[in-house]
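The following block contains the structure, expressed as structure tokens.
Chains here go by letter, A, B, C and D, matching the order in which they are written, and residues are numbered from 1 within each.
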Amino acid sequence: MTAFQIILMGLLIICAVSVSFSQNLLNSILIYMSFSLVMSMLWICLESPDLAITEAAVGAGITSVLFFVTLKKIHAIDASEPEAKEETENE
Amino acid sequence: MDFICNFPFFSILISLFSGTICSVLPAKAAKAVNRLVIAAVGLMSAVLLLYLLSTGESFIYWMGHFPAPWGNEIRAGVLEAGMALFFCVIMYLSMAGGAHKLPGEVVESKHSLYYILVNLLLSSLLALVYTNDMFTAYVFVEINTISACGLIMIRQVGRTIEAAVRYMIMSLLGSGLLLFGLCIMYDLTGHLLMSNIKESVALIMANGEYQIPLIVAVALMCIGLCIKSALFPFHSWLPDAYGYSTVSSAAILSSLVSKGYIFLLIKIIYRVIGFDIFNSTRIIDVLFVFGLMGMIFGSLSAIKENDIRRMIAFSSVAQIGYIYMGFGMGTQAGMVASIFHILSHAATKSLLFIAAIGLTDVSGGSRKFIDLTGAAYRNKWAGVAFTAGSLSMVGIPLFSGFISKLLFAQAAVQVEGKMLASLIVLGISTVLNAVYFMKTVIRIYTSEQDAPYRSITFRDRKGYTVVLVCSVLLNVILGVSSQPVVDMIGQGLAMFA
Amino acid sequence: MGPNLLANYGEAVSAILFCIGFTNLLLQTNLIKKIIGLNIMDSAIYLFLAEKGYIAGRAAPIVVDGVTSVEAYINPIPSGLVLTGIVVSVSVTALMLSLTIRLYLRYHTLDLDEISMQLKREGK
Amino acid sequence: MSRKKSIEEYQKTSAFRFFRWLSGEEDPYIGNVEMCPQEEYQPDQEAALRREKEHDAILDKVYDTTHNKSLYLFHRLYQATSVLFCLFLIALLLVTVSYLPANGTVIRPVNNEVAERYIEKGLEETGAVNIVAGMILDYRAFDTLGESHVLFTATITVLILLRLNKTEKDEAEVNDRRFEPKNDAILQLVATFLVPIIIIFGIYIILNGHLGPGGGFSGGAVIGAGLVLYLNAFGFKKTERFFTEKTYKWVCFFSLSFYCLAKSYSFYTGANQLHSVIPKGTPGAILSSGLILPLNIAVGLVVACTIYAFYAMFRKGGF
């Protein structure tokens, strides 16, 4: 079990480092998603099933979905005319 | 247990619950609820303060059915009750003073959201003041941060959103460090309640085991709270956040939010680590140096500034430097001076922000100094109030700023190693303060015949004027009859131990 | 160096992860990556806490067959704290992401330095 | 030829169709499933060019070493100090960790009388089989009350940032769906099967919070994820039939009010040493452990609605 934990921790560090150096935003988000999954496995190993369920539902699910929507929104903003969306400063 | 002992709990719960209630109310009703809640909480805190002064000892209130190391609890003493009362007064004044500007600054449909955030902010401040549990403090620090961010960016111009992003990033760094320090502390002591941690910390220091991680944990918590309260090198978010958000937000943020974190730090110093143990570490020297640097550099940036609200914002950086300098002295007198300065700065800064908006209103909304020429003649009350606030900031007798500077000087004289440095920097900083505040005061009292906004006359707003007068009075009261307040602070600090 | 570095390998990993997240939050120019760094930082702290509660050879803190002796279960407190912490970090992430969308709508970039340059150029 | 079937017959078998589909010669769903052709994502060339130019101009200003030396130096200094600070932090934390009590052993400050009582008396005092649930919703309930309000505060700030008015919302919805198929048959089919299962699983996690791993927050997040899947498959038209801003407002209001009032009652009776009238029930039964089950349900409702609200707000600025 200890060996398995150490492997998982190694994976965590690899994921965290590769998030920092990945050029593509989508890739970073996907790597972060796998980071969360590894984390939830680690929590099963550490005998905290409550945390594992929550992390799997939240970290790998909801947070990643929110990241994806943000990325999509940003591309959509890129696609539409900038003038149409220009906000006016009321100063 | 007397019924009054329920008041801290009631005030936290009422303000939390009113946030939920406001989410289904229309804006007008939400505003009424907001005012009512602030007034009610203030009243309760005042009664509690009188009660505590008469009994002369603090009390612990269980949050649940379980006693100390198992359950969660809150604690009320003179200092806590006094702070809560003061926070409510300042918050009421800030909300009332900025109310007339709100329709111009925030979209109509989002007014009720604004009041929700203010209620939640109040509840989190109260919880930070009263709590006796480290993890609860962390949770409410997060509520405080998020609602403060909401208050910054509710006025949706580009600047405020950018400021909000910067504020969030710095704050989250701070919360991360705070939480990490807290976890190490939990690991070393096995407790989360402040009183229990303190016992274990004393044991650890006596045994000599685990001393290094303990010091690191304390340092991490201190740095986290310093970042969150915008101590000098971490202040990059501050000018934009205070300078461009709504008036009430700026007043609340500068005078309350950062003070909430500082008060939590005081609690940690006294109730978690122990004053003597804290003073035997090197951390106070770091705080002292950063405080001094903040005093100088904050004032220098304020002198360079060409925008009145950003100037006031930079002045906050300098004033927070004063507070940390008081911590850094490591004596009881320095701590009393710092706490008094928290009060005096909060009273003065909100007054300055509210008065500045009256001046810019009669200058065509421009905040450049050149356009403010003669503004005090066009809006007399705001001019008088701004002058009073400036005099207080500079440290003229009769105003609260004078007393806090006097206390700082007295405290500095008692400390051998740090006396010279603190006195010199105190002097320099006072001169710099005088330079930029007097420049502004002279500018608003210069009558210029061909000033562009001469024709604008001030529409008399009774509520606004009343708020200004109240703020000035609060300042003068703090300045003239300071002895009872100082005594109360001393009594409160004695109760902390 | 103290004696327990190897025994505390889990904590060491969480310390390293914390610093990676911290560095990301400080140094990345891209806002989305900053937010990911923030999440990594938070997860690292939660890992640290969960390691604190773990005791080798004991079961998860869910009472089985009415056995309520201390020797049977791990420490439940860290799990509770982490549960609270996860909610906080989700809320903060959602807030940061919505701020990102707003900022992008206004300035068409995710780089904070670039935004401050734009602000300087606009003059006001 | 040893083949028993003729070629025509073979062509009618599903194996043949499968191999053809595998090699990409024919789509087996053509004619069976209605599909919307995906539009290619085409960025506006002109706008992109202009933006690029501006971007370059700014970059020139930012990173122009010859004209803007002080700024360049500042950047370098900032980066260097950040890196140094982070390395210092790593070293500091590792040293700290090495001095911490050894992990995994029993004799540590963490395993003191607090954890002991939670484990030994938890079942008796809170009635919850899951000790963690008993701890966060009974012993240390004030934290959890704060936590649910953190979520509430975050929703309010997201509302402030992203809520649009009616006309903007319609426009945003059109923009939002421009680059993706309206009714993706595969997604809809999968969603029809999966969404009920996901939602039932979420409800199970919530209701089982005091008996096993799980609880209000994780269950609510699962339900929220199910709702998001449903929304993605069938669009806002379908979800608006049962979930609008009003629903969200009132569900949130009632759940949080219930939470606040229930906990106020328990705090009040606890602090004033009054007897609480809430029965604990038999441990292990579904209706047991006092307030924990209703509180879990309230939290679950809030979280499910909040997650859906976040998603809808991100997608089109309202719902």
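Definition applied: a residue touches a chain if its C-beta (ideal position, glycine included) is under 8 Å from a C-beta of that chain, and two chains touch if they have at least 3 such contacts.
These numbers were taken from a predicted model, which means no experiment stands behind them.
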Distance-maximising chain from subunit A - centres being C-alpha averages: B
Chain pair with the higher count of C-beta pairs in contact (B-C, A-C): A-C
Geometric centre: closest chain by C-alpha means: C
Geometric centre distance via CA averages, subunit D-subunit A, whole Å: 11
Gap in Å, rounded to a whole number, between the CA centres of subunit C and subunit B: 28
Computed distance of Cα centres, subunit D from subunit B, in Å: 34
Junction residues of subunit B, two or more chains touched: 135, 139, 142, 146, 149, 153, 156, 158, 180, 186-187, 212
Contacts with 2+ other chains: residues of subunit A: 49-50, 54, 58, 62, 66, 69-70, 73, 78, 82, 87, 91
Subunit D residues counted as touching two or more neighbouring chains: 51, 93, 95-96, 99-101, 110-111, 114-115, 118, 130, 132, 140, 143, 147, 150, 153-154, 157, 161, 212-213, 215, 217, 310, 314
Interface residues, subunit D side, partner subunit B - complex: 92-93, 95-96, 99-101, 108-115, 117-118, 125, 138-143, 145-147, 149-150, 152-154, 156-157, 159-161, 163, 165, 249-250, 252-253, 256-257, 260-261, 264, 266-273, 276
Residue ranges of subunit B in contact with subunit C within the complex: 135, 139, 142, 146, 149, 153, 156, 158-159, 161-162, 164-166, 168-169, 172-173, 176, 179-180, 183, 186-187, 192, 212
Subunit C partner contacts - residues on subunit A that touch it in the complex: 5-6, 9, 12-13, 16-17, 19-20, 25, 28-29, 32, 35-36, 39, 42-43, 46-51, 54-55, 58-59, 62-63, 66-67, 69-71, 73-74, 77-78, 82, 85, 87, 91
Of subunit C, residues touching subunit A in the complex: 9-10, 13, 16-17, 20-21, 23-24, 28, 30, 32-33, 35-37, 39-40, 43, 46-47, 50-51, 53-54, 58-62, 74, 78-79, 82-83, 86, 90, 93-94, 97, 100-101, 104-106, 108, 110, 124
Touching residues on subunit D, where the partner in the complex is subunit C: 51, 55, 58-59, 61-62, 75, 79, 82-83, 85-86, 89-90, 93-106, 110-111, 114-116, 118-124, 129-132, 135-136, 140, 143-144, 147-148, 150-151, 153-155, 157-158, 161-162, 212-213, 215, 217, 283, 310, 313-314
